[in-house]
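Next, two complexes with subunit A in common: one pairs it with subunit B, the other with subunit C.
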Partner chain A sequence: MKYDDIIIGGGLSGLLCAISLAEKGRKCLIISQGQSTLNFSSGSFEFINTEEGEDFEHAIAALPSRHPYQKIGVDRLPRLRTSVAGLLDRAGIRTVGENERNHLRITPFGALKQTWLSLAEMTHFQKDELLGRVLVVDIRGFLDFNASFIASSLGQMGIQADTCEVYVHETERLRDNASEFRSANIARVFNGYTIDRLACAINEKATDVDFILLPAVFGLDKEEPARRMLEKLNKPAAFIPTMSPSVPGIRLQRLLKQRFISLGGMFLSADTVCGGEIVDGRLVSVRALNHGDTRFEAENFIFACGSFFSNGLKATQDKIYEPILGLDVDYEGGHGEWFAPDVYAEQPYMSFGVRTDKRLNVSLDGKTLENAYAVGQLLSGASPIKSGCTGGVSAVSAVYAADIILNQQ
Partner chain B sequence: MQDNSFQDCVKCTLCTAYCPMAAVNPFYIGPKQAGPDGERYRLKDKAFYDYALKYCLNCKRCESACPSGVRIGDIIAKAKLDSGQFHPGLREMILANTDMMGSLAVPFSPIINPVLKWDLSKKMMDGILGIDHRRTFPAYAGQTFVRWYKKHAGKAQEAFSKQVYYFHGCYANYNYPKLGQDLIKLMNACGYGVRLLEKEKCCGVALISNGMGGQAKRQARVNLASIRKAGTTVLTTSTTCTMTLRDEYPHVLGLDNADVRDNITLALRFLCEKVESGEIKLAFKSDYRKKVAYHTSCHAEKQGSWIYSLPLLRLIPGVQLTVLESSCCGISGTFGFKKENYEYSQGIGEKLFNNIRLANPDYVATECETCKWQIEMSTGFEVINPICLLADALDVEATRKLNQL
Partner chain C sequence: MKQYDVIIIGGGITGAGCARDCAMRGLSVLLLEKADLTNGATGRNHGLLHSGARYAVTDSEAAAECIRENRTLRKVAAHCVEETEGLFITLPEDDLAYQAKFIESCQKAGIDARAIDPKEAIRMEPAVNPDLIGAVMVPDGAVDPFRLTIYNAYDARLHGAEILTYHEVTDFLKDDSGRVVGVRAHNHIDGSDPEFHASITLIAGGIWGTVLARKAGVNVGMFPAKGALLIFGHRVNNMVINRCRKPADADILVPGDTICLIGTTSTRIPIEECDDIRITPEEVDLLWREGVKLAPSLAETRILRAYGGVRPLVAADNDPTGRSISRGIVCLDHEVRDGVPGLVTITGGKLMTYRLMAEIATDMICKKLGNTQSCETATTPLTGSDGPALKTDAHTRGSVKAAWGRHGSHIQDIPTETTYETSLVCECEEVSVGEVKFGIEQLKARNLVNLRRRTRLGMGTCQGEVCACRAAGLIAKANNCAESAKKDLASFLQERWKGMFPVTWGTTVREAQYTSMIYQGLCGIDQWAADASTTRENPVLSKK
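Then we have the complex of A and B:
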C-alpha cells in the first residue's frame, strides 16, 4: 500500500503533522496504537515556563542546545506557533492565548499554571486579573474533581472561594455505578435540557459571587454543550480540568481526527507498527501487526509515537530503546541514574528520547535515515514537566517536520 | 492459556469512555472493570462481575482505544466462557446455531420468510423466546450458496490457472448467496478461480458470545483443518468471520492458528493489494452512478481492514463516496435480537443512523452483515457489501481483457 507520508502515532504531534501535510494535498496514513495522551489533556497547551512578565523568547534562549526548540531554531518558533494556532482553528477548535507570552490557568489542584493556548471555555487570565469572589461548583458524587481542594488553594492565594454541590437526577442515576462515575460518563448526560436544569441549580447558589468555576465535563463530541453551559449561567464562568479521562481532551482528539479524515487522511486506530525495511539510508516501508506481510510504503515516515507511556520508548533494566526499528536513543547512565530520588525533582528519564539532527531526522546505528523524522514527546532533550513545554514541543516539532517535507517537494 | 495482558492496564478508563454500551447503559460497569479489573478478582473466583459480562458487545472498540495494548474484549469474552454462569437457553441455541438454523430454514424459505414477518409470529417469538418483536429477521435464501456453487460455478473454476479458496460464512450461504456469487464474478474476471474449503462450519462468533465455547472450539478445529489443507489464500467477505478466524481462535478459544493466520484474508484486501501492485486490473461501467456512504464496522475498525475498501470504492468512477464517522451500529450479532437488549441496541446506533440520514446515500457500504440488518431496519437505507458494489459496477468483459483472459 503506497502513501505519500506515513505517520506513526495519532496523538497531538502525529495529527498536527498529518493535518499540515494533508492540507497541502498529500496522501497520509496515520497508524496509531490505541488512543493517545491527548485524551488526558488539561485543555491547555504549554509552551515554556517564564518569569513573570517575560515573553517566550527569553526563556527559550536559556534552554540547553539539545532541547528540541534549540534544534528547530529559536527564530522559527513564533511562525510555527502561529501555524499551530491556525491548524487548531481550522479543525474547529477555538483557543485563546497570545503568540509571545503565557497566560494562567487553574489546575485540578487549584494551583495557577502558566500556559500558552487554552480552549476558549477553560480558565484563562492574566496575573493582575483577579477573579473576585469565586464559587467552585462540584457535581454530587463525582470523585475526580475536588472543589474544596481547589477553593482552599485559591484561598491561600487570597482569592475568596466557596464551594457548592449540584446535581440533576440523571447524574444521580450514574452514581449507582460509583466507581465509573467518571468525567466522560457525566459528559454524556449533559445535552440541551439537562444543561439548562443544572445551570438553574447553579444560578440559585451563585447569587453573591463574581465568577463560577466548574469541572470540565461538558462537550465530549463537540464544544456546543460547554458553550451552552457558560451561556446559561448568570455570572462569568470557566472550566477546570478534571482527573482523567479529560472531556476536552477526548473532544480535541476527535476534532483533530475528523479534520484529518475530512482532508482525505487515513487513520488506522488500533495497530502496532512492528518493523520496517531500510534501503540505502531510506526507510521504504513499514509493517503492522494486523496486516501480516502487507508493506506500507511512503516517501516520508514521521515517528510521533510518544514517550514511555505510549510505548514510543521502552526500558529494560539495562537499556532504553525505540521498539519499532531500534532507532538511536539519547540516554545516559545505568538504571540507577535514570531516576531522581525526589519524585518532584527533574527526572532524568523524562529527557530521554530518540536522537535527531536539526532537521529532526532520526538515525539507526549512527546512520541518518533521511526520510524519517521524529516529533513530539519521542524527541530527546526536553524536560517537559520541569520546563513546561509538553504541548509546545509536540505541536511545533510536528509542524516543523511537515514544513521540511513540504519544502522538499 | 493464561492471557496476562490485563496486567498492562494503567486504569486510564479510556476503554470505558469509548465503549458504546457504557454510553447508553448506566448499569454496565464498563470494559475496564468487567475486563482487566475483574480479571484480577477472577483469579480468585470466576464469578466476579459475571452479571456485567452479558452487556459486552464484543465490538472491540475498547481494544481499539486502549493505549496500553490490553486485550480487553478478549478478556471479557474468555471470562464469559469460563465463568460457567452462562447457560444457553433455547433462544441462545436458536440464535447462535446459524448452521443448523440455516440448513433447516433454506428448504422452507418461501414459507419461513413471510412467517418471520408476521406480527403474530414476531409476538410469539417475543413472548416465548425473548426475541424482540421489533426486530426484522434477515430473509433466508431459496438455495444455499454452496448448492448454487456446486450446480453452476464449481466446474468452471477449474479452468483458471490461479486459484484461491473462499470461506463464505453463514450469511452468504443461507441468507445472501449473491455475495458469494459476486465474489466469484470479480475473481473470475481477474483470472482467479474460486474454490470452497473441504469442510466449512460457522466461524463460531455467535457461539462464543452465547456461552457455547465447546461447540465453538469443535467448529473452529474443522475450519482450521480445512484452511490448513487448502494451503493457500482463503478469502473472506465478512469482517467478523475474518476476525474470529484470525484472532478469536487463538485469543479466546486458545487454538493456535499462527501457521495459517496470514492466509486468511478479506477478499477486499487481496484485491486492493493486487490492484495496487498492478497484478490485476479492474474496469468499471461508465454509466454506473451511485452515492455511497461507507460505514466502518467495529471489526473493520479493529482490524483496520477498511483501508483496503476505500481505495477500491474510489476506483469506481461513478461512485461519490462519503466516509461516515466510525461508530457502532448497536446490533452486535445476536445481541440486538434479544428482547432485553433492544433499547440499548437502538440507542447505540442512533448516532450512526443520524449520520447516514444526513449523508442520504443510494447505498451504505459495509462488510458486516449484521450491521446491514441493523442499518436497513433502523434507517431504511439499503446496505451493500463493497464486494457486491464492485461486482455491480464491474465491466466484466473489459476487466477480462485488461487481465488478458
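Then we have the complex of A and C:
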C-alpha cells in the first residue's frame, strides 16, 4: 500500500497535518490507536501564557531555543496561526480568538485561564468583561461538573454567582445505570425537543441574572445542539468543559476526521504502528500490529504520536524511548532527575520528546531521517502545561511540517 | 468542664482499640488524634493477618500471641479480615532444611503449619514462583488496618466514647502534686486550644506519643524503624506468600482487596524523619526484585505506589543503647516508673496484637480507677462484624457487594433509595454516592484522604484521578464550602504523587501526565495548591 504521506497518530496534530496535506491533493493515510488527548480537551487551544496586555510575540521571545516555537521560527508563527484557524473553519469548526493575544476561559474549577482559540460556544472573555450576575447550571446527578466550584471562584472575584440544578426525564432515565451518567452519554440524549425542555427549565430559574454558564454536554457529532441550546435560552450563555470525556473535544476530533476523509484521506483506526524499514537514511515503510506483514509505504512519514499519555514516548527505570523506531529522544539525567517531588512544580519529564532539527526532521542514532518528521506533543523542548502552549505547539508544528513537505514538491 | 475517666492520645489501631475496650467497660472516654484516624504507622503497613509463623523460629512468644489474636480477629472483626491463608515457600536458593525447623517451631507455638507438595502449592496459588522446592501452608490472612481502626473507633462511639480528630495534644495539665489531670490540645479545625480533664491519660500514639511524653517529664526510648512497601495495581495472588527463611527484607506478598503489597524493608531512622517518610530508589529496587521471586508476574505488573511506615520499636528499660529491642507489648505505669501519677503509656506491639494491647492497658487503667468489669473484646464482635452474611442474587449491585466487604452489617446504613445514591463515584473500587455520604456522615470523613481510608475511594488503578473530583464535590456539598474542598483536592493529588513519585515508569508516567493534564491543564487547580513542603493533611472546613 503506497501513499504520499503517512501520519502516525490521529489526535489534533496528526489530523491538522493530514488535512493540510490532503487539501493540496496529497494521498494521505492516518494510522491511529484510537485515543487522543482531544478526549479531555477544554474546547480551547492555548498558545502561550502571557503577561497582562502582552501579545504572543513577547512571551515567545523569552522561550529557550529548544522550544518548538523557536525551532519553527518566531517570524513564521503568526502566519501558521492564521492557517490553523482557517483549517478549523473549513472543517466546520467555528472558533473565536485573536491572532496575536490571549482571551480568558473559565475552567471547571472556576479558574480563569489564558487561551488563544476557543470553540465559539465556550466561555471567552477579555479581562473585566465578565460582569453582572451569573447563574451556573448543574444537571441533576451529574458528578463530573460542579457548579458550586465555579460559582464560589467567581464569587471570590467579586462576581455574584448562583447555582441551580435542572433535569429532564431523559437524563433521569439515564441515571438508572450507576456508571452511565457521564458527559458523552448525556450528550446523546440532548437533541431537538430535549434541549428545548431543558432550556425552559433553565429559563424559569434564570429570571434575575445576566449570564448563564452551562456544562459542555451538547453536540457530540455536530455543533448544532450546542448552538440550539444557546438560542433557546433567554439570556446570554456559554459552556464550560466538564471532567473527561470532553464532549466538545470528541466533536472536534470527529469533525476533523470527517474533513480529512471528505478530502479523500484514509483513516486506519485502532491500530498501532510497531516498526518500520529504513533504507539509505529514509524511512520507506511502516508496519502495524493488526496488519501483519503489510508494508505501508509513503514518501513522507509524520510522527504525531503524542507524549507519554498517548504512548508516543515510554519510560522505564533506566531510559526514555520512542517505541516505534527508537528515534533519538531528548532527555537528561537518570530517573531521579526526571520528576520533581512537588506535583505542581515544573516537571522535567513533560519537556522530554523526540529530537528534531529546525525542519522537524527526526533522527535515529544521530542520523537524520530526511523524510520523517515529528509534530505535536511528541516534540521535545516545551513544558506545555506550565507555559500554556499545548494546543499551540500541536497545531502550528503540524501545519509547519505540512508546509515543508508541500514546499519540496 | 467535662471530666473524663480516661483521655487516650492517638487515633491509630492501638488508641482506637483502647477507646473501645475502655468504653465497653463503662469508662467515659475521650480520644484525641492530631490528624485523622490511621494517619501514622497503622495506615502504613502490610495489612497482614499474621499467623505468627514468621516469628515462630526467632520469637516463640510473639508467635503464640499472634496466632491467638489471629483466631480472635477472624471471629470478632470478620468484616475487616479476609481469610486468604498463606504459604511459606522455599526457593532453590534457600536452605530446604530450614523448613523442618520452621514447622516444628510453628507447632510448638500452636500454629497449624503443614508441608504441602510444591505442585499442590502451585494449584492453590497459581501466581507463586513455579521454581519453588518446598511449601508450607499456614493460617495467614489479610486485615484492612483502616477498616479495623475506623470500626473500633465507631464501636467506641456507640459505647459512648468521644472521638476528636484533628486535635493535637500540645501539653499535659498537672495539679500541684504533679499528677497528670488532663491535656491541652490544638484544634486544627477551628484553631482553638481547649483543655480536657481526665483521671487517667493514656498515651497510645506510637513514636509520636513518646515524643509527646517528654513534655510530662517521662522518657521512653524508641527506636523507629522504617519499613518500605510497594503496592501493585492488581491482585496477582489470592494467598499470602512468604519466604521460608529467617525473616528478611521484602519477603511477604499480601493480597488486599483489589491490589497486592510487597514488603518490607527495615531501616533505623531518626525520630525527626518519622513525619515525612520518603522511599528511596534502592528500597524500590530491592522490594521489586524480591517480590518477583515470590510471584514472577509482578515483573509485568504496574506498581501503583511506594510508601513506608515506622515501627514503634521500644528499647527495654535500663538499656539506653537500645541493643535489646522488643517487638513485644510495653505498658508503662508512669506513676510507678517515673513518679508521674495519672499517666500510662501503651506502645510496642503490632497491628496483630492491638486488641491484646488494649486489654492490657485497659486492665491497668481499670485497676487504678477501681473498675472491676472484665474485658469482652475477645468475644464481642466489632460493630459491622455482628450481622449475618450478605444475601446476594444476580441483581445485587457490584457496589453493594463491595460496600458489604468494607462495612459489614453497616451496609444497612448506606443510603440506596435513589439513583443518585447508587450512582458510582469511584469506578475502580465501586464506591457509590451513598457510601461516600455514609463515610462523611457516619464515619466522620473530613477530607479526601479520610474518605479514601474509609471507603477505598481513590485506592484503585486510577489512584483517584477520575473519582477525586467527584468526591470533592460531595465533600463541598456536605460542608457547604467549595473553596476548602478544592484546596483539599489539590493536596490529595500531591499526596497521591508522593507515592507514585518513586515508581514513575511504564504506565504510571501515563497516569501522572494524564492527571496533570486534567487537573492543571484543564481545571487550573494550581491556584488552590498548597505549599508542597507541608505534608500535613488538613480537614475541609465548613463555611462559617
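In this section, the second predicted complex is superposed on the first by the 409 of 409 C-alpha atoms of A that agree within 3 Å, B and C clash if a C-alpha of one lies under 4 Å from a C-alpha of the other, contacts with A are read in each partner's own complex, and residues count from 1 in each chain.
The rule is simple: a contact is a pair of C-beta atoms (placed from the backbone, for glycine too) under 8 Å apart; a residue touches a chain by one contact, two chains touch by 3 or more.
Because the structure is a prediction, the values reported are computed rather than measured.
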* Following superposition onto subunit A, is the placement of subunit B relative to subunit C best described as a clash or a fit? -> fit
* Asked: Touching A:M266, do we find subunit B (first), subunit C (second), both, or neither?
  -> first
* From subunit A, separation angle of subunit B and subunit C (C-alpha centres, steps of 10 degrees) -> 90
* May I ask you to name which of subunit B and subunit C touches more residues of subunit A? => C
* To do: Please work out whether A:A184 is in contact with subunit B alone, subunit C alone, both, or neither, and reply first, second, both or neither.
  => first
* To do: Give one of first, second, both or neither to describe whether A:R76 is in contact with subunit B, with subunit C, with both, or with none.
  => neither
* Is A:P241 in contact with subunit B, with subunit C, with both, or with neither (first, second, both, neither)? -> second
* In the superposed arrangement, which partner chain does A:L29 touch: subunit B (first), subunit C (second), both, or neither? -> first
* **subunit B versus subunit C as contact partner of A:D176, first or second or both or neither** => both
* Just subunit B (first), just subunit C (second), both, or neither: which does A:D293 touch? -> first
* To do: Have a look at where A:T316 lands relative to subunit B and subunit C in the superposition and call it first, second, both or neither.
  => second
* To do: Based on the superposed arrangement, let me know which partner A:F40 touches: subunit B (first), subunit C (second), both, or neither?
  => both
* To do: Once the two structures sit on chain A together, report how near the CA atoms of subunit B get to those of subunit C, whole Å.
  => 6
* Structure fact -> On subunit A, the footprints of subunit B and subunit C overlap at residues 37, 40, 176, 179, 244, 309, 311
* **Touching residues on subunit A, where the partner in the complex is subunit B** => 1-2, 29, 33-37, 39-40, 173-174, 176-177, 179-180, 182, 184-185, 188, 244-245, 250, 258, 261, 266, 268-272, 288, 290-294, 309-311
* **Complex contact set, residues of subunit A against subunit C** => 37, 40, 42, 107-109, 111-113, 140-141, 143-144, 146, 148-149, 151-153, 156, 172, 175-176, 178-179, 181, 241, 243-244, 307-309, 311, 314-317, 335-336, 338-339, 341-345, 347, 349-350, 384-385, 390
* Partner subunit A, residues of subunit C touching it in the complex -> 281, 397, 399, 419-420, 422-425, 427, 432-433, 466, 469-470, 472-474, 476-477, 481-483, 485-486, 490, 493-494, 497-498, 501, 504-506, 509-510, 512-514, 516-518, 520-529, 532
* Structure fact -> subunit A partner, complex, touching residues on subunit B are 10, 12-14, 16-18, 22-23, 26-30, 32-33, 60, 63-69, 261-262, 265, 269, 272-273, 276, 301-304, 307-308, 310, 323, 325-326
